[in-house]
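Once you scroll down, you'll see the structures, which are given as structure tokens.
There are two complexes below, and they share chain A, which is joined by chain B in the first and by chain C in the second.
Take a look at the complex of A and B:
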């Protein structure tokens, strides 16, 4: 099985990095989360309900929809915050990339550890710019909002191709496909990683953020 | 085509398409109400949330959708459309976008109806939630209120896009293949927002609508009135709205779907179907005041509606202060503050003076028309660098002396150019306007154009200069007469 890979690129001001990343990551996770599975006898299961929430950005003229789950939001915010800090502390030209990878676990026999097989990777490349005055910032607010809208349309277009998705698992296999640790929703197993690129184009740090 | 399907699959598919169409309409209309939507996740299946998504049902919208469908289903050649338009307080209107739920002939015979189709429809609804926040009409709908409102119209049949003007864009939300055809969901939206004034609204009788005010307080907020009920249990049999909508009854099927995990190639579905009565009064003409809980929101304005009116007003109450919590309100105000490309500005003609920090098209403002010091350096559209005074400074400084400055402003006093401008209310962020009679925005506007100092007016300046010139010969005579005294004074100083 080939891993599907999609790349999105955005150019933002430093203070917009966090919201832009949250908007795109939450948009993807909205489509890649289901309600909690409740397995019953006879091999059937029912699915809980996913609520949604509109989030207005403070620094971008944009509103995005995310899953109503404080736990999930906390985890994504933490990862994005680490990325943002790394970006601002690196002293680079302000280029970095954050990746959201969906994977399946494949059990291996002892002494080998379980294998993580990615089936979809979303990479968001970020270019950070510095603006000189408030007027440019105001224009940037709107332009970045429009660009994020285009990226949301790109995300939706990819997702609605209905390409490979892991098969719905049995009760014993559900933890190999979904993250069942959240109490209200159930996203596919995912991990978030990021890279900061210095001015020479090489990556200076890579951090694994496991969910 | 349809005969290849098992009867149960056919029945399920028809039900899925029907409720998908109803939920599509709800998502679109709710996204144009002008407020943020919030629904709760529930780990336990409630049995009443179609496609495992918490999407509230506004009864009036469901009623209109069912009326438009008239018992049919979207199919090949039969599209369901939701048209969103804008109507100003002067009565002019303009179509903004049309959402189309269509079906084409491309079939996917292999797909499992009650598993894959259902899940893909769920994903498509999520995509619709995301895309409805991205099209231009969303921002307009968030700013609706005093100056304009957003309307919706549902129709069934052939798609009509002519009202969107030239150059409209289309965005495809997604497709889902089924054994009887491929469902496609798309949106065509207007890009040319130049307002056509005095346009006859052709389709219907005078618009009379109810102002839907279901989301005064976000459902997730703890401040919601207790009598509004739980946001996700709106279809629970025990909490029906029967008290309000006694009369014609409508049955609504609720689906709690369970899936089988045993062997994936033989997925079977057991659907639990039960009817809950949803009573509704479609022609509550005289009883319209009871339609939407007036006691729960004193700010709500209700107008009677006629069943024949095909447009319904979507607008939270006109009093902005009652809408949302103050933190969100400030954010909205910050967002609503000046937008250089705000299409709403072209809809109204407010006569206000232009301040230095209002962005306007550069063609409407010239340096000489602004009665401000250093007017040439006032912000303009930055798109054209050749007009940017910071890049190409003007040849003569606009105000090197008070006299010249007053000469400039003399020419612009009472200028009629400013009358053509349209200004959106300037609401500065972080300012409270509920305590002081004059808020920061008002202060800012007033002091953008202070009255001219009397001593700087041309009339007085020229008069004093004329006096000076007249008295000069006399002064020279006196000085010449006393020249010895002046010389002695100078010697004393040395």
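Take a look at the complex of A and C:
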């Protein structure tokens, strides 16, 4: 409970799901990543650089910015394509939700295992629509592009609020706050989960993927 | 090279030999995680534990208590098995002689069977083995829980010591309000809760009492099946710990319960779409739990009997009268509990009312029983006297078989009889006693007032305040009755329950899903007959009964003076406080021609504050003429308050304390004036002024709450006199209660149309009893209506004290839909308030979920 949750909702065509998800997840992660920390002797650190790159979407009139880290991109892509497959396998009109959850680990005393305490959850609800003809697809292509633009601004607004963020850790604690496994970028610890909802509103399958 | 000794020296290199560019990098200093208390995941559990540790008086006390409980459990089982299998009772009863060589005395060890015989007997008895296995499993479960708890509470202990800066030794002497104030304080520094910069008292209460608030609301709306009409006993309330446990299991935390986790209701229950399906699911769950209860019934029954035997026999032997003593029933505790009232607050309130309550119940001794008891006591007494006299003459009489036991039995018999014989020198005034009780318990059905002397009232009161013996008996019966109630009564209500949780759950940012009643929002749940006329928008289905919302709000505001309620609520509170305050000071109300109607409640407080001499002059005349009656009631109230804890002294104490805190004193005020004033002043100051003050404050708070409760009941009584009496007590089904309410209670929000006969019921202003209240109601209500603005404006100065922006942190409530589904549809002015047939399933799907967002 003790975490913020933000909900974004998009309505897209089946072939746009992957790109739309990538665009939103990458946008959020762009703001929730830093360069690698290089700790110095005196307990200070410097922050490495992070490159960004523009990605053009094929099925949507949209370009988004992401951290130029192949590794990170690979992970996100994997999660998103799993989600897309689950969505298309669910049959009927697909509705689903993919969540990006930022958490921090807390060391506990002996009898308990380490806790993962989320502090921010982004839920993206997806409605998949089927379109009849090419013209509608064209319109949808533009519309979704606009919608995504709005969402990105939304995300930036939320991130610009000065709200709780985990404190910058010392060297020994860096693994509790940041994902240090990537070699070129250092996002806050996150995990991506998704669930597919059927028409009744009950969630059918919840699969979890941890990074 | 020659060495020049000059002042010129070579400069030290100011740069390190790092690759070019790196010195330009920003260097950061990590803050690290200074405290482990920031961002706690499960704040509900955390606050509950903090509260528990405070209530259990610190870690050591709690640890010892739990260890002893475990040992006790072992002892109960072990001792029972031993008594059943390893004692040779023939030896004890001297039916069998033991052949000792040296002496003829029988010793206790003689009666014990040898170990091998004993264990063989146990092994051959399947039932004993069954009991042993069950209790063993149970004990191990408790042990693991205990170990887990110790680890958790160790964390809490270090939270107290490191974060709150309170040692365990001072914890028993710190009030909860102090602890809470410190928690609010450290939130700024540690950010326990990440949603907000600041925690409010209400947030903490909401988290600790999340489920209890739901239970209170459900009892308030008569949703839970605890009231039954039995063929012989009449109306009967059955609510035991076992039943309560099962309710909580079903609703809150059992597998498949309505709640996803501690803080959120499952999504599907928030939507109205498939409520029928959900109700079916709930019904079948209740059925299964009922069946499980039925299957486990023998085990629980055996356990209950054993436990009751070992915990109560000793007490009964020591003081047989204790069975005749009374205690607040579990139902009573639920019925009387305010929203957002912590356990210790409730208990102290009820304990204060205990004496008066038992006195009241003792008024109703049956004369028939008294006659019988007197004679039985006489005969038993004469037998006992003879036996005792004989024993004194020669103690060998004791050795005669059954003499000792008859002496004991006769003694018990006389004690029981004596409890049925009233004290000759006592005079009881039931109406007055009921007032005293009301001052503490704060809730009471309307029709009790004026009927205090009746047997029905007593019977209903005994539902709240039952015999200890009955309590124990009910607990013993509970394992058998619980499954029946679950399967046959609760299951039928599943749809109503689903609707209740959907309609009355709000999502509060930073707290999670809470019962909307617990928001104590007058507008949403106020009852027009309880001072929130015109302010409330609640339908019959939405309004809390018995003025629960209003009284809870007052209670919370008084116990937590630091709390800053939302704007409208502040208005309500300050208005009420102002009125009570003005009555108390007795200030300019006489000069105010419009406030004639106020004079009556003033007498209430005037009575309370002007010594017992007024009391002596008061007649409690029993004839219920309309005019006299109210006055009598008020005088009752005044005397009720006099007999509370030493009010005047506490007022004095507070007054002097506040004088110490503030240089400029309000010395010209009357006693009550300075008291009330001091309170508001110190509530404004942000710092807590040490233990003594806070203790005094909490003591004073309970008195102040009593005054407010009496005042509100008085107003309510007068307001509803012209109307049909509302027999809320009798609402068996929640639907019935809605039917019994006359239309004018709620349908017109215009203040002028109210019946407000107060001024005419007060004998000093209108001496003629012939004045019929309803005829002049319009004028008096106008008076009240015009008076309101003055009340608000002057009240502002009390509340906007040194604290900054009183509304800055207030919560804003955005409601998406106010249409309650499955409740009573409100049909504007028409009186139709029956359970509406619900619209089509498809229609419901369209409806937005009834969730209020509180931001």
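In this text, the second predicted complex is superposed on the first by the 208 of 211 C-alpha atoms of A that agree within 3 Å, B and C clash if a C-alpha of one lies under 4 Å from a C-alpha of the other, contacts with A are read in each partner's own complex, and residues count from 1 in each chain.
Everything that follows uses one rule, which is that a contact is a pair of C-beta atoms (placed from the backbone, for glycine too) under 8 Å apart; a residue touches a chain by one contact, two chains touch by 3 or more.
Values in this document were obtained by computation on a predicted structure and should not be read as measured data.
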Go through the superposed model and pick first if A:71 touches only chain B, second if only chain C, both, or neither. neither
Once chain A of both complexes is superposed, is A:27 in touch with chain B (first), chain C (second), both, or neither? first
Just chain B (first), just chain C (second), both, or neither: which does A:50 touch? first
Is A:40 touching the first partner chain B, the second partner chain C, both, or neither of them? both
Of the partners chain B and chain C, which touch A:119 in the superposed model: first, second, both, neither? second
Does the superposition put A:169 against chain B (first), chain C (second), both, or neither? both
Partner contacting more residues of chain A (chain B vs chain C): B
For A:4, select first, second, both or neither according to whether it touches chain B, chain C, the two together, or no partner. second
Let me test your reading of the model: by the given contact rule, A:85 touches which partner, first (chain B), second (chain C), both or neither? neither
Could you list which residues of chain A make contact with chain B in one structure and with chain C in the other? 40, 43-47, 167-171
For chain C, which residues count as touching chain A in their complex? 22, 25-34, 36, 38-44, 147-148, 151, 154-155, 191, 193-195, 261-264, 267-268, 271, 273-274, 512
Where on chain A is chain C touching in the complex? 1-4, 40, 43-47, 104, 106, 109, 111-112, 115, 117-119, 163-164, 166-171, 173, 176, 200-202
Chain A residues within the chain B interface of the complex: 27, 30-31, 34-36, 38-40, 42-56, 58, 61, 63-65, 67-69, 135-136, 138-139, 142, 149, 152-153, 155-157, 159-160, 162, 167-171, 183-185
Residues of chain B touching chain A in their complex? 36-46, 49, 52-54, 115, 120, 123-124, 126-127, 129-131, 133-135, 138-139, 142, 171-177, 220, 232, 256-262, 264, 270, 328, 331-332, 334-335, 338-341, 359, 379, 382
